[in-house]
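Below you will find the structure I want to go over with you.
For clarity, chains are labelled A, B and C in written order, and residue numbers in each chain start from 1.
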């Protein structure tokens, strides 16, 4: 069939876009992780003003659609005379959004730990900071894995939206070929399969991670099975 | 500083037009999607094995593929089988299917979390199957599913912005048109963002109120 | 086998296989008005399964159930529901409806199964709760009640239906020791008031004091049946006595 031939020919280009997608997702996820943890800690242990500011950040980036944020950021860059590189803007926007969501995942995990953990740390003479870093966070991070896996999967899908700014990821390449060849359905179906397989691969990997760092008797009550993930 | 003429004469009226279209997408898609989600969730929890498999596969695919891709597929696929939807119809169909799949996940989780003992107790008192479902299973499952399903609707509000990608002129679309004409990207999209933020915040408040209203001590989400 | 004409509840030849294994093997028993029959036996003997087979929560593979001489047609859904409405059940895990207050728990079956009005059901619910000593906790949710209180609400819920027989499946096994007494007190009152009951339990002292008859079960069969004095008499060398001695030794 013609459509399949078109898809076959387009595959190298589309799969090449996969690298951009993975790069985009990885950078955004990493940014979300690096910024999300301090935000979570600030929200749980910080003073009232700090907590309000974090809450405001989270409210904004969880409330405005990604598409709007992309164009907003684009407009910002243009009006400031900065080069509006699509990849950069996408990483920035997805990173900020992911930070907001991840901070809430970690916050939930931290808050679910019994007060006694930090008390025991203090009783041993640890300072607040050491206690949080050595006792609270290692536990909270383990508990966060299912929620984090979910976030990874969501981010992977959201990255497709970025094609509107002209990135070169899977979605962008697919829509480019589709516009030329008019084999929209077949091409988008192929793209869908690629995203689906990527998602499966990521979730399998994270399952392995969850098993590897598993501590006997330790469960948040929310396994990855329970969340319908993977 | 603030060009009120621009806002008053061009932007706000356009955005209000778009808002109506957005609501016309969100409300039907949310309602139908919820109903679909409940049906799908029930099928996946209690149906015969083939139905459960089918439902699980459908849900897995919809949750594993970006909504953008699904939207494009439906927009371009339907004409091929003879259904000529305007962009609005394609967006509505896509959003409904997507929401239904996500909602079914929460519904299924809630239904499966009902302890067997509750059902046994109802049966032991002489409740018929329908009565057990209506007075014991549904009140408990609905409370469990509420946070998840409510959050899904809130996601729908945000993702309705994607309808612009298939040329459906909702809030996002109208804003983009004005911005492209006047090159005032920042002002336009700050306002568009404010509109969405407003909708999401209202919906969140409503959801919290619902959760509070139906709260039963000791009966939390699993 | 002698068919006991005066029996309120009679089951004959109940058998059940689960996963290829016979859980119940041709069990028959009957109980007359006002009698308290106690099922005892080791774990896995099938006591729970037998009780839940009587009201078909676990449908038996074979056997018949007779309530006041009338045979229960298990295939007839409405008849089954009507039967269950007349046979009360108390579970080991209480199984109160978590989303309803104590009062609503008692009232709901009255409204939905018996068709009472809201007002009447509520009034009756209060009566029953008062009877078990929980009138002041009517508006609390199960999560706010202690184990003993939960079980008493469960009993009020069963009693409100004016059952002909009550089946009790190890009603105190899930309770902390200090809460067992309040539940046994209610059961004792019921027995004193002439309620017909079949109870599975490990509470040997209670059984000895109040049971009309003790039935010893092992591996799905009813091994021995008889009055407590007979079965548990010194030097009677019955399996029942054997089992009870072992229970005592283990501090049971």
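In the analysis below, a contact is a pair of C-beta atoms (placed from the backbone, for glycine too) under 8 Å apart; a residue touches a chain by one contact, two chains touch by 3 or more.
Every value quoted in this text rests on a predicted model; they were computed, and no experiment measured them.
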| item | value |
| --- | --- |
| Arrangement of touching chains [line / ring / star / complete / other] | line |
| Centre-most chain [mean C-alpha coordinates] | B |
| Approximate Å spacing (C-alpha centroids) for the pair subunit B, subunit C | 47 |
| CA centroid of subunit A to CA centroid of subunit C, Å | 54 |
| Subunit A-subunit B separation of Cα centroids, rounded to whole Å | 21 |
| Of subunit C, residues touching subunit B in the complex | 52, 55, 57, 77-78, 81-89, 91, 93, 95-99, 108-109, 112-113, 141-144, 154, 157-158, 161 |
| Residue numbers on subunit B that touch subunit A, as the complex places them | 59, 61, 63-70, 72-73, 75-77, 80, 105, 108-109, 158-162, 164-165, 172, 175-176, 179, 184-186, 188-190, 192-193, 196-197, 200-201, 222 |
| Complex contact set, residues of subunit A against subunit B | 59-60, 62-69, 71-72, 74-76, 78-79, 153, 156-161, 163-164, 171, 175, 178, 184-185, 188-189, 191-192, 195-196, 199-200, 221, 226, 228 |
| Subunit C contact footprint on subunit B (complex, rising order) | 115, 117-118, 120-129, 131, 135-136, 139-140, 143, 216-219 |
